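Following this line, the structures themselves.
One chain, subunit A, links the two complexes that follow: it is found with subunit B in the first and with subunit C in the second.
Then we have the complex of A and B:
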C-alpha cells in the first residue's frame, strides 16, 4: 500500500509553474529521496503534500485519504527553513509538542535533546541554524511518526550531526516508518533511500528503485595522454546513453556490455580504462543534464 | 498551539502591564507630592503679599488633607474615570494582539502542520487574546485603585451610573479594533501584517474628520461612511461636572446601538479572519 500518493500534481504561482504534472507514489515503509537542483520544486511539492499550498490541479493523498489535521498526529514535517518561534525557549517547544500531540514521547524527546546537546532553557533565537534544525528534528521524531516528510533535514548541521540525523531516518525506516526527504547531500540520500525521484524545473525526470537505477548502467572511463576524442560511431552505439569529453577524459554511460565497450576503448590507446558502477551522484547529474527543461519527459 | 498564543499574550500583558504600572505610579507619586507639598491645589493655592518688609509668598500648609488640597469638600472620584483609563489600556493591548493570526503566516507551516484545524486554532487564539484584553482592563482598574490610594483619595471613589457603560462599550470597541486588524492582516503575507501602528493614526484621523464639512457634503458623507468602521467614533466620552457624570460619543448613537455595532463588527471581523486564514499558504 502507498503511504503517499501524488497524482498529476501541478502548482503554478502566477504564470510560473513550480510543479508540473508530478505523479509519485511512496510505498509504506520505504525511504524515498527527492532530489533536484535549487528551484526544482521539491519544497513546493512538500507544501502541496502537507496542505500548506493549494495545488493548481492534481491530488495528494496520505494513507489513501486527503490530508486533514488528524493526519498530523502521525505525520511529522521538518521544513527547510526554521519555523520555530525565536522568542520561545527550546523547552517551550517541547511543552507545545506535548500539548499538541497524543503520541508525543517526552522520554524520547529528552533522549534526542541530549543527543544533540540542546539546552531546553535557551531561546530559539539564540541558537545557531544547526541547533534550530536539531530542535525541529527532535520535535519530529519525538512523536514517533509513521510518516516523515523532511525537507533538507540536515541543513546547517555539522557532519557529525548530519550522520546522527541520517541514523535517525534509517532507524525510523527500520521501525516501519515511511520517509520522504530531500537533501543536497547526495551521499546521505544514497545511504538512506531505497527509492529516488529526481525533479527538474518542476517535472519528474527520473524515478525508481535506487539499486535498479544503479544497476542499469556502468561508466566506462578512459584517460588519454592528449585531448580525448571520441571515435566516429561511438556515440551512435546503441549501448551508449551518453558520452562526456572533458580534457583528456572520455566517459561513457553504457547500458550493457560495459566490458566489451571498455575493450573497444582500449584499442584507442588510452593511458587507462576503468569501469565503474554508477553512483547516485552520477545518476542525479545525468538525469538533470539529460532532461530538457520543459520536455515533459519522465521515466 | 494554545501555549504559543498564551505565551505571546502573557509577554504582551506583562510588558504592557509594567508600563501601565509605571505610568500610574509616576502620576500618583507626582500628584501625591504636589498635594502634600501644596503644588497642585485647585484654587487659592498661592498668594503673594507685598508689604513694607518686602514680598512674601504664602503656600498652603503641607500635610493638608487631600480634600482640602483639591479644594472641594464634596470632591469625589467617579469609577467611570478608571473605567475609561482601563478601556484605553484594553484598546492598546487589543491592537498589540490584533495580528496574532498573521504572525503564524511566516512560520513555514509550523502551526498548520499540527493536528488541529486552522478554524480551531484561530478560535483558540481569539479566546486567549480576549482573556488578555479583559485581564489588562481589570489590571488597569486595580492600578487606578492603587493610584488613588497613593494620592490618598481612594475613599472618595464612588460607583457612578456611567461606569458600566464605559466598561462595556470600551471593551466592545477593543473587540471591534481587534476584529478589524485580524480580518485585514490574517490573509496577508508575513511581515505585511504590521498594521497595528498604522491603525492608530488612521482611526484618529478619520474620527477627527467625522464632523468636518470644509470639503463639502460629498467628502463629509464619504468620511462618515468610512467612519462606520472606525471604533473611535463609537468611543464613550466622559463629561464630569461636580458629582454629575454624563457621556457622549462622536457618532451620537445610543449605548445599546453602539454596543451592538462595535461588538458585531468585531465578531464578524474575527469570523471572516478565521475563514480567510484557512486559505493562507505557508
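Then we have the complex of A and C:
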C-alpha cells in the first residue's frame, strides 16, 4: 500500500512551471529522499502534497485519500521556512500543539526538547535558525506521526543535531512510519533513505531503490593509447546516461549492465577498462548534470 | 553480541550487500557463533544509523542463503549447520572476492598477465614463507 501517491502533478506559477508531470509513490514504511538542486520543485511538491498550494493539474493522495484536516492527526510536516510565531515562546507552541493535535504526546515532546537543549521560556524570535528548526522537529515527532514530510530538516543545525534528526528519522522508520524528506545533505539521505527521487527543473529525472541504484549505476572507463574517440552509436546505447571524453580516457556513466558494456568497450582495443562504483553523490551529480556537449575536452 | 558491524554508506557498494558480507565474515571467523542471536533489525538500524528496510533486506537474504534463521517473536540466530564446512567455504568466498578484485584492478592498470603472475608469486613467498608445497 502506498502512503503517498503523487499522480502527474503539475504546478505552474503564472507562466513558470515549478513542477511538471511528476508521478511518485511512497510505499508505507519506506523512507524516500527527495533530492534536487535549488529551484528543482521540491518545496512546491510538498506544498501541493499538503494542500498548501493548488495543483494546476494532477492529483495527490495520502493513504489513498485526498488530504483533509484529519490527515494531519497522523501526518507531520516540517517546512523549510519556519512557520512558528515569533512572538510566542517555545512552551507556548508546545501548549498550542497539545490543544490542536489529538495524538500529541507531551512527555515525548519534553524528551525531544531536552535532546535539542531547547529552553521553553524563550521566544521563537530570539532563537537561532537551527533552534527554530529544532522546535519544528520536536512538534512534528511529538505526535508520533505515521507519515512524516520533512523539507530540509537539517537546515541551520550543526552536525551534532543533524545526527539527532537522522536518528529520529531512523527510529520513526523502524517503528513503521513513512518518511518523505528533502535534503542537500547527501550523506544523510544515503543513511536514512531506502528510496531516492531526484528532481530537476520540476521533473523527476531519477527514481528508485537506493541499493538497486548503487548496484546498477556504474562508471565504465577505458584508457586508450591514443586519443579516445567514441564510435557512433555508443552514446545512444540504452545503458548509457552520458559519455565523457578527455584525452586518452573515455568515461561512460551507465545505468545498468556495466559488465556487458565494459565488454563492448574492450572490443575497441583500449589499454585498460575499469568499472567503478558510484556513491549517491556521484549518482545525483550525474542525474542533474546538464547534457554536456560531446565535443568538450575531446581530442 | 560479540561481532561489531560497520558500514560505509558513502561507498558505491549497496549497504545491504556490505552487511551481508560482514555477517558472513563474522560467522566464518567465528565472532558470530552458531546459535548466537543477532541484533534486531531495529536495534541494528539505530546502532548503525542506517535505513531499517535496508537491514531487513540483508537479514532476508542471509536467511535465504541459510546463514541465519529467524523465528517470529524470538529474533534472528546464526544457523547451526556444518559450521566448519560452511565457515571454510565462506572464508574461501571472501578470499576469492578480495583476490579477484585485486587482479581486476591490476589488469585495469594495464599490467600483463605474466607481470601479475610474478607479483602474485612474490606476495605468496612473502606471506606464506615456509609453508609452500615444495617445503613440505
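Please note the rule applied: the second predicted complex is superposed on the first by the 232 of 299 C-alpha atoms of A that agree within 3 Å, B and C clash if a C-alpha of one lies under 4 Å from a C-alpha of the other, contacts with A are read in each partner's own complex, and residues count from 1 in each chain.
Everything that follows uses one rule, which is that a contact is a pair of C-beta atoms (placed from the backbone, for glycine too) under 8 Å apart; a residue touches a chain by one contact, two chains touch by 3 or more.
Note that the structure is predicted; figures quoted are calculated from it, not measured.
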Fit or clash - subunit C, subunit B, common subunit A: fit
First, second, both or neither for A:227, with subunit B first and subunit C second: neither
Partner chain(s) touched by A:39 [first = subunit B, second = subunit C, both, neither]: neither
Partner chain in contact with A:163 - subunit B first, subunit C second, else both or neither: second
First, second, both or neither for A:84, with subunit B first and subunit C second: first
Partner chain(s) touched by A:125 [first = subunit B, second = subunit C, both, neither]: neither
Partner chain in contact with A:101 - subunit B first, subunit C second, else both or neither: first
Touching partner for A:247 - first (subunit B), second (subunit C), both, neither: neither
First, second, both or neither for A:171, with subunit B first and subunit C second: second
Minimum C-alpha separation between subunit B and subunit C after superposing on chain A, in Å: 27
Where subunit A meets both subunit C and subunit B, residue numbers: none
Complex interface listing, subunit A residues touching subunit B: 47, 50-54, 69-73, 75, 77, 79-85, 87-88, 92, 95-96, 99-102
Touching residues (chain side subunit C, partner subunit A) in the complex: 9-17, 41-42, 45-46, 49-54, 57, 104-105, 107-110
Complex contacts: residues of subunit B adjacent to subunit A: 1-4, 7-8, 11, 107-110, 112-117, 120, 279, 281-282
In the complex, subunit A residues that touch subunit C: 29-31, 163, 166-167, 170-171, 173-175, 187, 190-194, 210-212, 214-215, 218, 223, 271-274, 276-282
